[in-house]
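Two complexes, one shared chain (chain A), two partners (chain B, chain C).
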Partner chain A sequence: MSEQIINSPCGVKGTIGFYPGCSLKGSSSEYAQSVLAVAKAFDIELQEIQDWNCCGSTAAHNLNKELALSLSARILALSEKQGLTEVVVPCAACYNRLTVTQHELNNDAALKQRVCDIIDMPIKGNLQILNVMQMIDKYVADRLEEKVTTPFGHKVACYYGCLLVRPHNILQFDRLEDPQSMDILMKRSGAEPIEWGFKTECCGAGFSVSRTDVVAKLSGNIVKDAADRGAEAIIVACPMCQSNLDMRRPQINEYLKQKIDIPVIYITQAIGLAVGLSPKEVGLQKHFVPAQFA
Partner chain B sequence: MSKIGVFICHCGENISATVDCERVAAEAGKMDGVEFATDYKYMCSDPGQTLIKNAIKEKGLTGVVVGACSPRMHEPTFRKACAEAGLNPYLCEMSNLREHCSWVHEKNEQTTEKAIDLVKMLVEKVKKNKPLNAIKVPITKKALVIGGGIAGIQAALDIANAGQQVIMVEKEPSIGGHMSQLSETFPTLDCSQCILTPRMVEVAQHPNITLYTYAELEHLDGFIGNFKATIRLKAKSVDYKLCTGCGACTTKCPNKKIPSEFNEGLGMRTAIYTPFPQAVPNKPVIDRANCTYYQKGKCKVCEKVCPTGAIQYDLPDQFITEDIGAVVIATGFNVLKTDFFPEYGYGKYADVLTGLQFERLASASGPTLGEIRRPSDGKVPKKIVFIACSGSRDPAKGIPYCSKICCMYTAKHAMLYQHKVHDGESYVFYMDIRAGGKNYEEFVRRAIEDDGVNYIRGRVARIYEKDGKYIVKGADTLLGSKPVEIEADMVVLATAGVSNPGAEELAQKMHVSYDAYKFFAEAHPKLKPVETNTAGIFLCGACQAPKDIPETVGMASGAAAKVIGLFSNNELTREPLIAVVNRSAPPVFSTCVGCFMCQTACPYNAIEREEIKGRDGSVIKTVAKVNPGLCQGCGTCVAFCRSKAIDIQGFSNEQMFAEVMALMNE
Partner chain C sequence: MINNQKSIHELQLHTGVNVNRCYQCGKCTAGCQLADEMDFPPSMVMHMLQTKDEELLQQLLNSKTIWLCISCQNCIERCPMSIDIPHIMDYLREKSAGEHKINRQSRDIVAFHRAFLDSIKYTGRLYEIGLVAGYKARTFHLTQDVVLAPKMYAKGKLPLVPEMIKGTRNIKGIFRKTAP
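What follows is the complex of A and B.
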């Protein structure tokens, strides 16, 4: 197992942009809370992008490509305008949309011009877009081990979901099929990441509302494999994955005909606990499946 | 006064679809010194050539320009036609209207204008052409065959049986190649070793074949008929003259835990080893990187047990130089290893194997003596999954091409499994079944219908391990992409066939071209499949692209036929397009001032020193002289010459300037 997170950028510390996106302001406020708490613990200064809008999510790019690009492009343009050179995007879907948008615009000058006209703002297109693993790796890296005061001594199943590492040729983040970045950070935080088969399987995503039965099945398979292999927690970095594995647990358990109570927590919550933050400070009380670590 | 004939070819529609050929001919007819100009649909055809020949005779032409395809394609054709009509062939030039014009531009006025310019350049050049005569060089009638797999073996035997000398170089300690690793062969299920090993022995015993195993080509200089090959004989640490192949050393060697290359890592070998019991030559070498003596300075057990004193630790690599006339490249291929596939576990699962590893399991000479057993725990797998196209036909993550042999060997593997494990269940995931070949389709049907192999059309998205089983997740696209999950005991990946790791380096050593996947490139995909772009160097087998045994053997015999054909002449005719240092009357003798910059520049060591002597024998002047046998006509010396004393015949400075001036004087 490589100990380096693949292709994470490297640079000097300044003020970093923070794009929460809709989930982190609503159903996953604990993700936002834990990201900010961890950043603070590591002296990383995060500045929320002013006047941000929705990234377009799945809905926009299914309906209208230019709309989807324009929504994300406006966020990129605002970041540039506010003098930011890098922006942390904790939500996997937002991270994916922003990165893909910047890539597409940089590879098609005419499209870029059209989108710039639509949003009525210029785009340079050289923003560094980081997910939380990249942020921690870039600014904390080896210091993580020193900062750990209460090692997260549990067996964990690191669940990446579909959006964090795909499409690989654009994101250039981690390994495609068997990613390692979360596993490495969790190991540095004192946890014991397990080998399992569902790291990048689909959780059912947006079908949570319309086809809860499908989500119960897909998420159920993920939760079961983690539980079967003795994981004490599932570690995630995506609000959608978290809500499907956590909020839909009753339906999952019904599908599995088995009661599984393994908690699903954000990587920033686990690292937060490891560096001595209280459960409250990382919003651990907000999950449906109780998450308590002695 | 020149009388030039211009012949414009339509090349079917290749040229005429974008270039107005009639107009090009009409314009050419008006050019200064052009006596005759015409166009024709296929100038290279018999009527086309006759057109040229008749014009030469009837109009008394002093030069010919053919506006057609590239000279690489048809210059020999048209020069031959001219020669048959009595014109010196080197007074015929080709203007490339196809590759340089019609294929790369759209149909419009400018394209035709460009074609006219291209013709005009060559008309001006051909006016300056001088009659030249072909150069005769002797041929060394000895072939070098690189690689001792089935391709090299077949080529070497065919050449040797035709009475010519062959030197075979094999990098491993034994010849045999991949074919010696195979269990049974499709579509007849005859034992690979049984048909191969007699031929290996034949190579070793043939009076016309000199075999160098554990050896590699170090350098290749020279040209067709007159190559000089330097061969590195890697130190075997065993004197083969003394060694009787008794095997005492290999049984006593204490270092027994080295993964065997022959068994694809499924079995172990010792540090002093013969790759397999039927090896040719059946004598061991010491793998110095894994030998305790070489690594730690003491052991020497093999020396103590050797009854003939054949172990010689201090022998260095040796280099030998051989004069040869032709080369056959038969270096074979490789397969991707399981660690190439992230979705199939990055190589971390012991019972996820490559097809080649499965061959070793199924082979009577393999680590399990032919029983199909899991490498992890030695159990017989009751459920086995084969995945065809592992890496092949996958432009995104693997290689875009089809590896050609996998459909067939996968059917064979599943069949062998069913024959050996009667209560076993086998599944094959496939994209398409490509079973083109005599009795091939029938063979696959036999696997499906008679042996009950379950064929599932679809890809496998992931393999993961759970409770000692491998969960194979895929889709059945013939059942509406229904997800399929199989709990397998063993998975065999038909991993893509790829080029050998050293292929690129070898190609560069020999100046032969290779493709994007580092397979050696044939000179023409259809009509010159065994030739390379370098004269005198031929290729056969899977070093050109993945191919099966019958095709490899056919190609090897083809390459051998080319070598035998070459060796059937005593002399070779070479193009006279080489450099010459000018000579003139006394007292100048030559404009060469004897600086010998050309000598340092020449990549072929073709420049010699010549002393011009007076009647009394005293040296008047030392000038450069080009050895016509070595010169390749590259022109580097021309560019280096400060006194403009060197020219390339057929491409003189005067001719080149005439071409350029033809464009300038609009």
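What follows is the complex of A and C.
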């Protein structure tokens, strides 16, 4: 396995946009906090997209395809208008929706025209959309190991979920069944990633409120496998994965009929700790399942 | 059986998927994490569409399956023919909602989606308190998660005031122009 992250986009360093998305402004504020703290530690300047809106998430594409495309398209158009050539999107669901939308519009000129009319803005469609692993790989790369002052010396289960890697023909990120990008970055941060079976299984995502029983089951299987194989933390890069595995832990434990207290932290929190940021600076105190790493 | 070539043609026109390419290997169902909750697992959905039987199409529009599909995209990735089943699910959901054929037991799921979209419509961004309030108003699950919200607030995860964007008129225009 090459140490270079698979299919990581490369390009000229320009102004880097930042699309936080709704979760990072609310229930997953510690993700935003840790992304910005890590970016700052590596002198990456992120510029928030002005007046951004929600990407529409699962709700929009489940009920109205044109609405889903248009909501995401407005974000692409605003980024272009702001002169950005690339945008960092830490939320896996937003990353997925924005990338898929740009792909669909670029492959159907009539659809693109219709959507531009709906949002009342033009779209060129050549934005580089990066998830957090791609951002770190592109702008931090080898500097990560140099910067590590307190290696994250724990066994970790890197959990990618669905939306970071699928659909592969559009996202072109990492490999499908056994992705490596997060494992590589965690290794560089001093952790020991474990082999396990639930890297890309779904956590139940948007059913957190409407079908909590389904989330308890799906997330329960993930948490149990990670714990059984000796992981001391589950590493994630998606606010839905994090909140389901963390905030729904009481329901998960009830489903599993056992108490599992393995913490679930964002990759940017783990890297932040490794490069010497304090637990508070990366928002570790905001999790429901206590995350303390001595 | 009422043969409905037209519906299947329409499906292909909207999704670009030719349902006849499926040869029923069953890998989609094997990998689907929600299959055991569904009334018709994904491979059966494909077969029902292949029959072009109007009655079976109506059963799908009224099924739990289409709302339980969580769009995790596992089926398309494992399909040896790369058939875009998630796209078919999106199409069937939109059609089901448009024709008022939503499965009774799936109403909570749809209520959540609608409360979600309502929140975006008025503020441009998701307002989590508004989302949950809207969901509870639609479903009458008034006491669900009442212990969670104060804990979230205490941890700084639940802003009390919605973030309004400047382009709310633009957003409302998007909702108006894409209204079914």
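Worth a mention:
Everything that follows uses one rule, which is that the second predicted complex is superposed on the first by the 292 of 294 C-alpha atoms of A that agree within 3 Å, B and C clash if a C-alpha of one lies under 4 Å from a C-alpha of the other, contacts with A are read in each partner's own complex, and residues count from 1 in each chain.
Quick note on the criterion: a residue touches a chain if its C-beta (ideal position, glycine included) is under 8 Å from a C-beta of that chain, and two chains touch if they have at least 3 such contacts.
Note that the structure is predicted; figures quoted are calculated from it, not measured.
By the touch criterion stated above, A:His61 is placed in contact with chain C alone, chain B being left untouched.
In the superposition on chain A, contact of A:Pro279 is made with neither chain B nor chain C.
Touch criterion not met for A:Gly125: it reaches neither chain B nor chain C.
Taking chain B and chain C in turn and counting the residues of chain A each one touches, the greater count comes from C. In the superposed model, A:Leu176 makes contact with both chain B and chain C. Shared contact residues on chain A (touching chain B in one structure, chain C in the other): 176, 201.
Residues of chain A touching chain C in their complex: 22-23, 25-30, 51-54, 56-67, 70-71, 74, 117-120, 162-163, 166-169, 176, 200-202, 204-207, 209-211, 214, 218, 247, 285-288.
Those residues of chain B that touch chain A in the shared complex are 342-343, 345-346, 397, 462, 464-466, 471. Listing the residues of chain C that touch chain A in their complex gives 33-34, 37, 67-68, 70-74, 76-77, 82, 90-91, 93-94, 97, 108-114, 116-117, 120, 124-126, 128, 132, 135, 144-145, 148, 151-152, 155-159, 163, 165-167, 170-171, 173-175, 177-178, 180. Listing the residues of chain A that touch chain B in their complex gives 175-178, 195-198, 201, 225, 228-229.
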